[in-house]
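Okay, here's the structure, questions in a sec.
Chain naming follows the written order as A, B, C and D, and within any one chain the residues start at number 1.
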Amino acid sequence: MTSILKNRLFWPAAILVVLLVINMFTSRQFVTVQDGHLFGTLIDILRNSAPLILVGLGMTLVISTGGIDLSVGSVMAISAAVACLLIQDLDDQNSVGPVLLIIGIAIAVSMLMGLWNGTLVAIIGIQPIIATLILMVAGRGIAQLITDGQIINVQSGPYATIASGFFAALPVALLIAVAATVLILLLTRRTALGLLLESVGGSPTASRLAGIGARRITIMVYVVAGGLAGLAGLIYSANIKSADSISAGNLIELDAILAVVIGGTALVGGRFSIAGTVLGAVLIQTLAVTVVAVGIPSEANLLFKAVVVVALCLFQSPTLREKVFGRLTPRTARAEVTA
Amino acid sequence: MTPVTDKGTPTNPRRRVYRPNAKYVPIIATLSLLVIMYSSGVANYENFGDPSVFVNLFRDNAVLLVVAVGMTFVILTGGIDLSVGAVISLTTVLTATLLKGGWPPLVVLPAVLILGALIGAGQGAVIHFFKVEPFIATLAGLFLARGTALTINEQSIPIRDDMWKAISEYRIVLAEGVVTKPIAIVAMLAVLIAAVTLAWTRFGRNVYAIGGNADSALLMGLPVGRTKIAVYTLSGFCAALGGVLFSINSTSGWALQGNGLELDAIAACVIGGVLLTGGSGYVWGTLLGVLVTGLIQTIINFQGDLNSAWTRIIVGVLLFAFIVLQRLVTRKAR
Amino acid sequence: GGSGDSGSESGGDDKLVLGFSQVGAESGWRTANTKSIQESAKAAGIELKFSDAQGKQENQISAIRSFITQKVDVIAFSPVVVSGWDAVLKEAKDAGIPVILTDRAVDAQDTSLYESFIGSDFVEEGKKAGEWLAKEYEGKTEPVNIVELQGTTGSAPALDRQKGFADAIASNTNLKIVKSQTGDFKRADGKTVMETFLQSTPDIDVLYAHNDDMGLGAIEAIEAAGKKPGTDIKIITVDAVKDGMTALADGKINYIVECSPLLGPQLMELAKKVDAGETVEKRVLTKETTFTQEQAKTELPNRQY
Amino acid sequence: MGEQSPVLEMTGIRKVFPGVVALDGVDFRMFPGEIHALMGENGAGKSTLIKTLTGVYEIDGGEIKLGGVPVRISGPLQAQQAGVSTVYQEVNLCTNLSVAENIFIGREPRRFGKIQWGRMRRRAAELLARLDLDLDVSAPLSSYSLAIQQMVAIARAVDVEARVLILDEPTSSLDASEVEQLFRVMRQLKESGVAILFVSHFLDQIYEVSDRLTVLRNGQLISEHRVEELSQVQLVEKMIGKELAALEDLEDKAQRNRERAAEAKPVLEARGLGRTGAIAPYDLTIHEGEVVGLAGLLGSGRTELARLLFGADKADHGELAVAGKPVNLRNPQVAMRQGIAFSSENRRTEGIIGDLTVRENIILALQAARGWTRPIPRKKQDEIVDKYIKALQIRPADPERPVRNLSGGNQQKVLLARWLITEPKLLIIDEPTRGIDVGAKAEIQRLVAELSDGGMAVLFVSAELEEVLRLSHKIAVLRDRRLVEELENTAGVDADRIMQTIASGATS
């Protein structure tokens, strides 16, 4: 019992469950089967969490090295813009092959953006927040240039599938997010990458002297984060079948960082938790849905969010937990001393 | 036997020669780059050389400057304060609402400043006592402050109070054709006071010590908790002061005011050479950082033919050029 | 690229210089607005100093001050927010530079601070939308459930369109707004919020969206839920951008209230007059209308944005 | 002294960490004007006892009395105010601040609330002069070596007006002359009635300054003695809880045959290698199976010399050949590929990664060398780690414990293990026995001897001249950041001979 309570992820999970239960009551269909696939609020939440999960995964890796990536939102916009621009020019928007190729190109472009960030941070040695701020500002401008400030619409079936399609009764977007999560988990926990990342984040100097090629690893992490943000951008734009360079991924960096922190990864770097980030991302998305479902007036949205975040960070605080739950185990010896 | 003393130069003199200015290199580099940037503006744009362009930088960025000063303290301890923009909005909304409700301005002013400080103190307390990450604690503060502002009033509220208007319209003539406003003076005073505090007081030095190594600072017997809470209080106060300046500058209150200002403030600090990991940097650097961002904005305004997309790209490019040059210069000098 | 012509630094000639401070580029509508202004300035032989405030009042204030420093002939701007312009407008007035407001109003007490305000009336737009709906359900008594997708919380168009709409339907007691939530003027948010509306509200009859984009996002959600937009759920939106008009012509939207971004030519005309010292009307409304599905079909080929 | 009342009295102190009882009902007392040594093996609980006293840790049981009054100390600040001044085991200073500030922060001389910088610097310089140090007090502390930092920490502690002064292993990286300075100051303070708690693993030092000692073992109080009552052998027996025969055996093995292969191939040759401002160009050749010791005073450049050979700093003069082939050691990775390993003297900031476990810390370098794509199989990891935990007696023997929670000495052993498992051709160890107890120290010396017998070249840096003399085939002597002489460690060479070299600059 106490060991469950002590787990950092207990409270986010508990709050998530509470929010889901609320949604169970407010929604008419929580999970049902319709047209041969799953449908309902829960599925919507999971499907819509996909971009945040993807961005959060990349952010987790970046943060584990002690960095931060503010440019993810802009990278999302660029990737979406590139993809939609190219798809728009296809003769047959519904042919799968070219669309896949275009998706590949968009992700490659995003990884290039990540490479840029990584180079600034690891080679030139600029503080991550300012290095990625450059792309955050300029990147959205680039996306706007690509789309000429307008929303580019596409009518590509295969493209829309990555956001709203279903495969084996499950939403494709969710499957992509799950696949990425599994991939990152394998990448970090089945290879030595996780250890090396935590080491670089824990102490860059000590890591360097232990012979870890911190530069290469740091660059790689930003590249991966860029690629994942690009993928998130594709899902975002496929969801609305258009590239909206202004709103795509706007302010998502804050949500992503919040998801990472809720998930128990410290912003100073070091130990990280992939599962925690995914939980955090789903929690944030659920919160957004709950606000609408419960009918909280839009001007009070932020207050509601504040209450949840405050509750969460207080519950997660080890000291508060000790003060509240520590009483459960009587400490006679200590009582004597204080007396 | 080779005389040891001539080639194996005694270590002390050499260190004395370059170490002390080594720590000012970033500031000097930033300053020179700023001068270069300004000169190229003068060379390229008509009227750019007008002294009022430079003087106006202080007026136009007064709010950012005040907020960034508070942020500098927080960042020096290794923390971060995301709530400043929201505190600004809450302050402007409260100020406007209270003044509209007929409260005397001399009551409103201290009230909102104290409120800002209290919000900061609350965040600091949560960070210190409950060991909550500053990022998440102040993000909650952001939601709370802006949420409150929005629930008080979604719409923008004009301020018709005479004192506010008088201050807003008051001009200080510095020279023929060069005027500035009280808010700029307030902002410069804030910088001055902060610089003195950081350099000459125990509190200031504790801030650096905590940023350098909080565990060590604790073991050295420094009041870590008190100092941490104090810097967030200070940052909250500065944000509220920024809010007041904002409400003076725009004679209105609005819940969406100061959106994203926290990032600008953090960026200004970092551009000015303050290390986000804490323990290193100067308020003067922050001042330069604010001037750099302000100058970039001015150049964009003078360019005058950039649409939104190009505005962003040019801001990015200028920022990039500046940061990379700064980095290369400081690295060489080391 | 969407950038205008390069404003040559030819201070010497007597070309009219117009300083224009745009709110930002928060939507396709806004980009069209910017383009219209840039193109018509070129056509009218006016040198345009353009500045993008990126949605921040402080940027806008400093842009206007910068125009004053640069000694432009006329200043025009779309205010980010209604209040807070007294001081800077006064500075412009003292410098002898006339000011024209576009698109959004200000609440300055002293209206002599600006020459004219050209733009749409958001309350009126909301009202038009409400009136159409009231007419549509005229004589019917069964309850009509309306959901509303609001624009950015606290922004002037969102507040006004909400107010105008609510006023217009107030007298019909059977028309009821059951849910109202912000979609931030974005397509994606329109979609996700609509998804939740559909899940939590049993019978939605009408959707009122504060702009086309949110409406288009909502259409996606409605279709995904297996319903027919325009038939099962009636949709009213504001703006009439090309994508919205297409959907209207396709029968997926029922009614659009136009909010035209193309006020460039009108603005240039005003600027010239103001510069010449002529008196102009204090309030100039943009030429705009409303569209039904039939009207959309004929209008669609002419839409350029 | 017995009739006096104790200035500090701790009774029944208990401290439990998750999974370890660090202190189990320990009694401890100190009298005014005595130097009291706290003795025990690595992980015995010495540092923990100190931290409970200064309020860093909250005690789980027991009572603390200062001057006869029960007190509850809630943190270092309160401890300082109550007259307890402390130098903790790991140097706890702020390296971003200047030397002077590190000495005075929290109690800077002020006038009208304004810090008097000039006065502060002057006083700092005076204080350091008392310890025979001449530093630029306005330079950031980070520009000084760890040993200097330790001296600065000491300077800070001794300047505080205190009833009780605690020094947790202050001498671990100081060399003989600095230790002498420290002892001089300690004796002065003792004269003035200060009670000094002193922790050290150097028995000679204990017997030189202490009046009384308390022995801990496994978190329990073993006994308290007047120093002269107890012989060194008896003391060690009390510390390890075993007869000493085993230990002497180790000492014997460490006495070794130093004549080695004249025909051995050079592993590494440095020609005119140097780095401006750090170390003057030097020549050095290290052969297979050879142990080269570096001797010199504090700040003589031993560490700087060693760092160049690992690419930890980049040389700006001269060249280097490994196994006869010229190489450019751009960074540590290149050096590791050449079979060079380097264990830094600064274990806290350049060694361990606190959040990671003992296992992860041990395999880190090996893993880095293999690259991230080739993880070491978990089974193999466990094997290696278990082997070295046993071999080096790392305690607690739990590979999954975060290394931050280990005692200082045990952390040092983890670091050694990290490099030993990479099986390097040349092992550079800077102060490897820093903070390590007698038993483990002998063990490490034996290990070094064994490795070199097996053909490994070792560059051995230690502030302890005895150790250098015992292990090395060849000793390089440094002075003022210059390699002044290379000596074959033959029969005639002893500590005096080396000190003479250091003092005179060079002999030849």
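Operating definition for what follows: a contact is a pair of C-beta atoms (placed from the backbone, for glycine too) under 8 Å apart; a residue touches a chain by one contact, two chains touch by 3 or more.
These numbers come from a predicted model, not from an experiment.
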{"item": "Between subunit A and subunit C, the fewest steps along chains that touch one another", "value": "1"}
{"item": "Distance between the centres, which are taken as Cα means, of subunit B and subunit A, whole angstrom", "value": "30"}
{"item": "Centroid distance [mean C-alpha coordinates] between subunit C and subunit B, Å", "value": "34"}
{"item": "Between subunit D and subunit A, distance of the C-alpha-averaged centres to the nearest whole Å", "value": "44"}
{"item": "Cα-centroid distance, subunit C relative to subunit D, in whole angstrom", "value": "71"}
{"item": "Sites on subunit B at which at least two other chains make contact", "value": "150, 154, 255, 307-311"}
{"item": "Junction residues of subunit A, two or more chains touched", "value": "144-145, 149, 299, 301"}
{"item": "Contacts with 2+ other chains: residues of subunit C", "value": "1-2, 25, 31, 34, 153-154"}
{"item": "Pairs of chains found to touch, sorted by chain label", "value": "A-B, A-C, A-D, B-C, B-D"}
{"item": "Interfacial residue positions of subunit C with respect to subunit A in the complex", "value": "1-2, 25-28, 31-32, 34-35, 150, 153-154, 179-182, 184-189, 191-193, 195-197, 199-200, 202, 213, 216-217, 220, 224, 226, 243, 305"}
{"item": "Subunit B-touching residues of subunit C, taken from the complex the two chains share", "value": "1-7, 9, 11, 19, 22, 24-25, 31, 34, 38, 48-52, 54-59, 61-63, 65-67, 69-71, 81-87, 90, 107, 109, 152-156, 159"}
{"item": "Of subunit A, residues touching subunit C in the complex", "value": "26-29, 34-35, 40-41, 44, 48, 144-145, 148-151, 153, 164, 236, 239-242, 244, 246-248, 250, 288-289, 291-293, 295, 297-299, 301"}
{"item": "Partner subunit A, residues of subunit D touching it in the complex", "value": "14, 58-63, 72, 310, 312, 331-333, 335-336, 342, 344, 349-356, 360, 363-365, 367-376, 418"}
{"item": "List of subunit B residues in touch with subunit A within their complex", "value": "126, 129-133, 135-137, 139-141, 143-144, 146-148, 150-151, 154, 255, 263, 266-267, 270-271, 275-277, 307-317, 319-320, 323-324, 327-328, 331"}
